[in-house]
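See below for the structure under consideration.
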Amino acid sequence: MIFALAACAILLTMALTLSRGILGPTTYDRILAVNSFGTKTVLIIAVLGFMTGRPDFLDIAFVYALINFVGTIAVLKFFEYGDLGGARSPDEYES
Amino acid sequence: MQIFGLYNYWIVIILMMIGLYVVIASGNLIKKIVGLNIFQTSVFILYISIGKLQGGTAPILVEGVTSYSNPLPHVLILTAIVVGVATTALGLALAVRIYGAYDSIEEDEIQKQDATS
Amino acid sequence: MLGLLTVTAIAIARMDQLFAAVMLFGIYSLLSAALFVVMDAVDVAFTEAAVGAGIATILMLGALALTSREQHAVPRSRHWIALSVVVITGAALIYGTLDMPLYADPNAPAHLHVVPRYLQQSMQEIGIPNVVTSVLASYRGYDTLGETVVIFTAAVGVIGRLGIVPEGVVESKTGGMEHHLILRITAKLMLPLILLFALYVQFHGDFGPGGGFQAGVIFASAFILYGLVFGMRSVTRVAPSIVVRTLAAAGVLIYGGVGVISLLLGGNYLDYNVLGDQPKDGQHLGIFLVEFGVGMTVAASMISLFYAYASYKREE
Amino acid sequence: MRHSISLFVFSFAVWLLLSGYFESLLLVLGLASCAFVVWIARRQDVVDHEGHPMHLRPMRWILYLIWLIGEIVKSNIDVAKRVWSPKLPISPTLVKVPADSDELRQVIYANSITLTPGTVSIDLTDATITVHALTREGALALETGEMARRVHGVGRAE
Amino acid sequence: MIRAQLPVLQVVIPLLAGPVCLLLHHSRLSWGLATSASWVALFISLALLDQVLITGPISYELGGWAAPWGIEYRIDEINAFVLLIISGINAITISFARASIEHEVNEKRGHIVYTGWMLYLSGLLGIAITGDVFNVFVFLEISSLSSYLLISLNRDRRALTAAFRYLVMGTIGATFILIGIALLYMMTGTLNMADLAARILSVSDTRTVKIAFAFLTAGIGLKAAVFPMHFWLPNAYAYAPSAISALFAGTATKVAIYLLLRFFFTIYGVEFSFETMKLDRILLPLALAGIFVASTIAIFETDVKRMLGYSSIAQIGYMVLGVSLVSVTGVTAAILHLFNHALMKAALFLALGCVFFRVGSVTRGDLAGLGYAMPWTMGAFVLGGLSLVGIPLTVGFISKWYLIVAALDQQMWWLAVLVLISSLLALVYVWQVIEVAYFGTAGDRSVKIKEAPAALLIPTWILIIANIYFGIDTSLTVGVAGRAAQALLGTAS
Amino acid sequence: MQLLIDILSWITILTGSFFVITGGIGILRLPDFFTRLHAVSMPDTLGIGLIILGLVLQAGFTQTSAKLIMIFLFMIFTGPAATHALAKTALHGKLKPKAMYKQDEESST
C-alpha cells in the first residue's frame, strides 16, 4: 500500500522529468532530465521489488545506478570533446 | 473485461508502429536505427506480456511460492536483446562509414550523390 | 507506465535533433526495463538496462559524434507512405489480438504447455533456482550459443568496418578527462566496485537475476568508464585491443568447446549430464563454463565495440 | 601494496554482503574475483590514496557526515519551500570559494557542496570552486567557510 | 558414433571455424581453414542426405533434452537437399574466393572476410537444419549480420549504402518473423516445429494464428526478396565483392524460400495455407508480376551484376510460382529450381568475378570484346546464361519443364505460355551481354586483357559442368526433389 | 514494535516521496538550467535517502538492507560527480548562468 503510493509519486515525478526532457530547451537540460530520470528508475525498481514481495532483486537497481553514471559521463564526454575516445585534442579547454 | 484484458497489447502495438514509422519515414540513417530499436524493444515488451501470469512472480524458485511467470519468453528475449544490440552496433558502424564516404547520413543526399557519380 | 512509454516514443518520432532523440531513447529503454520488472522478467530487465540504456545509447552517441547531429525534415510523400504501411500493419495486429488470450490469463496456452516442465522439474534435473538460467544455459543452451555468436559477429563486423585501434598511436594529447578532478577520483573509487559487481553477477546467475551476459556488459561498462575518464591510451594499455579480440573469440570457443567435450564424452552436443559423475554436477559444471564463455565474449565484444567507435578516424 | 591489500579486504567484504551465500565454491570464487579485481585495478592504476582513501580518519568522517546530513536536511526543506511557493523566490548567485590544496579534500568539499541542495559546484580549477547558489543567502553561508573548515579536519593526511 | 553426431557437426564446425579464423589473423591461413571447414561441411551434408534417403527423417536432440523442451534438429528430404545446396555452392565459391578476395578487399581485412564467411555459412546451415522456430530466428540473425558485414567489405562506397539498406530491411523482416513467432507461441505454447504443426490444428481458426501467418509470410518474403519486397536485393548483390555475390546468389534467398516452404507446408499445413488463407491466389499473381517486372528491368540494366540481381528476383518468382500451384509437380519444380538456380547464378557470378578480376568493372560496355580476350571466362558465362534462359541440356531447362508440366496438369495452359514468354525475356538480357562480349568493339583499351587465372576458372567451370551434368542426368535431383515435395504435401506413403 | 517500525517507515517513505515530487516540480518550474540543477539534487539526496531508509526499516537487518545501503552509497557518490560534471560541461559549452546578473526574475522559459 505505502509502496504503491511511493511508486505513484515516483511515476508522477518521472512524468514531470520526462516533460523537461522533451521540452529542452537546451541539450544540457535534456541530459539533466535523463540523469534524473535514471535516478527515479533506480528508486522505482527498489520500491517495486518491495511491492511485489520479492525484494531480493536489488541487483537490478544497482545496475541502473551504474549505467546511469557511465551513460551520463559518456554523454558529457561527447559534448565536451565531440567524441568518445578523444581522437581529437580538447581545444581551448583549460582556459 | 475483454477490452481491458487486451488493452496492454494494443498499447504495445501502437509503440511498435511508432517505431516502424520512424524507420520507414525517416531519411536519416541514425534516426532509422533509433526507430529500429524502438520497434524491437516494443516487440520485447510484447513477448514479456505473454509471459506474465496473474499472481505469478519472477521465475526464480523459492520455497513457498507456487505460481511463477513464464520463463520461456524471458529467455527468448534475452537472446533477442543481444541480437538487437548487435544489429544496432553494426548498423551504426555502417552509418559512420557512410558519413565518411558521402559526408552525409541523409538518404536523399546519398542517392543524389550516387546518381551523379 | 505504458502511457509514459507512448509519450516518449511519439516525442522521439517528432524530434528532429538527433541528440535529443538518442537521449529520449535512453529514457524509453529505462522505462521499458522498469516495465519488465513489473512483468516479473527480472533477468530481461537487467539486460535491457545494461544494454538498451547503457551500451546502445553509448554506441548511438559514438556514432553521432562521428557524423552530423541534425536531421532533415521528413518529406511529405514519405510521411504518407510510412503512415499507410504502419496503419495497415497495426490494424492487422490489432485484428490479430482479438482472439488472443487475455493479458496475464493463467489459462493461456503459453502457460500450460512446455513451460510447466521447466518450472516443476528443473530443480531436479538441473538443480539451480533461477529457471531462466536453466532454460537459457541448458534446455535451450544452443540458442544461447547462437546468441553469443551473434554478438561476436557484431564485434567482428564493427572491427572490420571501423578498423582497430592502432596500437600505441591512439591520440595526440590526453584524450581523457583526468584533469577533471571530481570525475577522476569518483571513477577511481567506483571502478573496482563495478568490476567486483560484474564478477558477482557472473557467478550468481544461478541464484538470482544475472549471468554471463549481464556480467559481461557490466564488466565492459567498467572499461568504458575507464576509457572515458582516462583516455583511450590508458585503457588500451590495460586491455590491448588484440587481447580483447582474442578473448572475444576464446569465449565463443569455450562455449562451443563445452559442447564438443560433451560429444567426446558420449553425450549429445551441449549435453552437460555427461560432464560430471552425477547429472546434476555435470549440469552445474556445464552451466558454469558456458556462462563463463558468454561473459567473456560479451565483455570483450562490448569493449572492442567501444574501442572501435572511440578510436575511429575518418580516412581522408 | 598497502592499498592493494586493503582493497582486497574491502572487496571481499563487499562480495560477502552482495552474495549472502557462504558455500565453499562461492567463497573461493569470491576470493578469486577479488584478486582479479585488485589485479585489474592495479593495471588501471587506480589503487592509490585517491582511489582508495584509507588514510582518512574514521571518527572525524562520521562526525562530518552527521553534520553534513543535518545541513542537507535543512537546505532541502528550504529549497522545497521555495519551489512550492507560487512566487518562486530565488536569487541565483555565483561565488568562488577557495578550497584546500589537497586534491582529495577538494573533491570532498565540492561534492559536499553539490550534495547540499541550493548550492552546486560548477567548476573546480586551481583549488578554487565556483559555486552556483540558488539564493544569495546560500552563497553567503558558504562564504563563511564553515564547511571548508570541517572538510579540512576530515581529510588531513597522516 | 560419429554418424549419430553428424547433424550438429554440420553447423558447429563452421561455427567454431569462424572465431578461429579471427584468431589466426592471417588472410591465407584463415582461408585455408575456412575452405577445409567448407569441404567437410559438404561431405557431412552428403552423408546426411544419404542417411535421410535410406532411413527417413533424422532427429537430433541438442543438449540431450527431448523435443518440445529442448531444441531439436530435424532433417528430412527437403532440408537435407537444401543443406547440400548450401554447402556445395559454398565449398566451390570459397575455393574461388582466395584470389578474388585478395584482389577486391583490403588485405588487412582478409581474415575478417573468412570469419564472416564461416559465420554466414553456419547461420544458413543452422536455419536449414533446425526444427525449432526460435532457433531459426537466432541463426537467421547470425547469417544476416555476417552478410551485412560481407557486403560492406567491398571498396566501392555504394556497398556501404547497399549493406545499410539491407540491414534495415533485413531487421524489419526479422522482427516481423519475431512477431509471428510470438503470436504462434501465444496460441500454442510451443516453439518446436513438429509440435507446432500438431497443436496449431486446434486453434487454426483464430484470428491470431492467421495474423501470425501473415507476419511470418511477410517477414520471410522480405528475406527471400519475393516481389514486391525485393528492393534491397539488386544493390546488395551488385556491390558485394564478387565471390560473395556468387555465394549470396547461390544460398541466401534459397534458405528463405525453404523457410517459406517449411512454414506453409509443415507447420501450417496445406489445408490452412492454401484453403483457409487462399495463399495461392496471392502468390500466383505476385510471382508472375515478379517474373515480368524484374526481367524487364534486367533488360534495361547496364551493370551486369545488377542485371543478374534482377534476374534473381525473376527466378525467385519461378520458385514461388511452383509453390503456388500446390501440386506435387509444382512443388517439385520449385525445389528443383532452388538447386538449379543456385548452380547457374553462382556460376554466372563467378564468371563475372573472373571478369572483374581482370577488367575491374562489369558494366555491359566494358565487357566488349572479352569473348576473345577471355575465352574460358566468357564461355562459362554463355553456358550459364543459356542455363538461365532454359535451353535443353542445361539445368534451367529441367526446372522450367517441370513447371510447365505442373501448370498443364492443372489445365493452366496460359500459365505455361507465360513461362515460355518470360524465358524469351531472359534470352534478351542474356543475349545483350553475349552480343557485347563477342561482337562489340573493344574500344580503346590501353592494356591487353588476359584470361583469368586457373584458381578462378576451375571453380567456375566445376559449376558450369554441374549445370550441364544435372541437366542431363536428372535422377538424383528430380528424385530427391520429388520425394521432398511428396513429404511436404503429405502424400508420401 | 513492528507497528512502530511500520509507522516510522511510512513516514520516511512519504516524506521521501514528497521530496521526490518536489524535485520533479522544481525541474519544471525553475527558470534556467543551472537553477534546475538544484531541483535535481533534492530527490538525489533526501528523496532517495528517506525512501531507502524506509525500505531498510521494512527489510530489517538483512542482506536486502545491506544492498539497499550500498545502492544508496553508490548514488550518493556518483550523483554529485555527475551533476558537477554536467554543470562544468555546460559552463564550458558557453551556457551562461543567469545568475551573473543577480536577481534575474524571469519566469520559466
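Think of it as A, B, C, D, E and F in the order they're written, each chain with its own count starting at 1.
Please note the rule applied: a contact is a pair of C-beta atoms (placed from the backbone, for glycine too) under 8 Å apart; a residue touches a chain by one contact, two chains touch by 3 or more.
Here the structure is a predicted model, which is why all the values come from computation and not from measurement.
Common neighbours of chain C and chain F, by the contact definition above: A, D. Just count the C-beta contacts per chain pair and the biggest one is B-C. Using the mean of the Cα atoms as each chain's centre, the chain most removed from chain D is E. Chain centres here are Cα means. That of chain C falls 31 Å from that of chain D. If each chain is reduced to the centroid of its CA atoms, chain B and chain C end up 13 Å from each other. If you average the CA atoms of chain A and of chain B, the two centres end up 20 Å from each other.
Centroid to centroid, with C-alpha atoms defining each point, chain B and chain D lie 39 Å apart.
Across the assembly, chain F contributes residues 18, 25, 37, 63, 67, 70, 74, 77-81, 83-85, 88, 90 that each touch 2 or more other chains.
Along chain D, residues 14, 18, 110-111, 124 each make contact with two or more other chains.
Among the residues of chain B, those in touch with two or more other chains are 16, 20, 50, 57-58, 72-73, 76, 79, 83, 86-87, 90, 94-95, 97. Looking at which chains touch one another, you get A-B, A-C, A-F, B-C, B-E, C-D, C-E, C-F, D-F.
Contact residues on chain C toward chain B in their complex (touch as defined above): 2-3, 5-6, 9-10, 12-13, 18, 21-22, 25, 28-29, 32, 35-36, 39-44, 47-48, 51-52, 55-56, 59-60, 62-64, 66-68, 71-72, 74-75, 78-79, 81-83, 85-87, 89-90, 93-94, 97-98, 100, 102-106, 108, 110-111, 114-115, 118-119, 122-123, 129-132, 135-136, 140, 143-144, 146-147, 150-151, 153-155, 157-158, 161-162, 207-209, 213, 298, 305, 308-309, 312, 314-315.
Residues 7, 11, 14-15, 18-19, 21, 26, 29-30, 33-34, 36-38, 40-41, 43-48, 50-53, 103-104, 106-107, 110-111, 124 of chain D are the ones touching chain C in the complex. Those residues of chain F that touch chain D in the shared complex are 18-19, 22, 25-26, 29-32, 34-35, 37-39, 41-42, 45-46, 63, 66-67, 70, 76-77, 79-81, 83-84, 87-88, 90-91, 97-100, 102-104, 107. The residues of chain A lying in touch with chain C in their complex are 11, 14-15, 18, 21-22, 24, 27, 30-31, 33-34, 37-38, 41, 44-45, 48-49, 52, 56-57, 59-60, 62-64, 66-71, 73-75, 77-78, 80, 82-90, 93-94.
In the complex of the two chains, the chain B residues touching chain E come out as 16, 20, 23, 29, 32, 36, 39-40, 43, 46-47, 50, 72-73, 76, 79-80, 83, 86-87, 90-91, 94-95, 97-98, 101-102, 110, 114.
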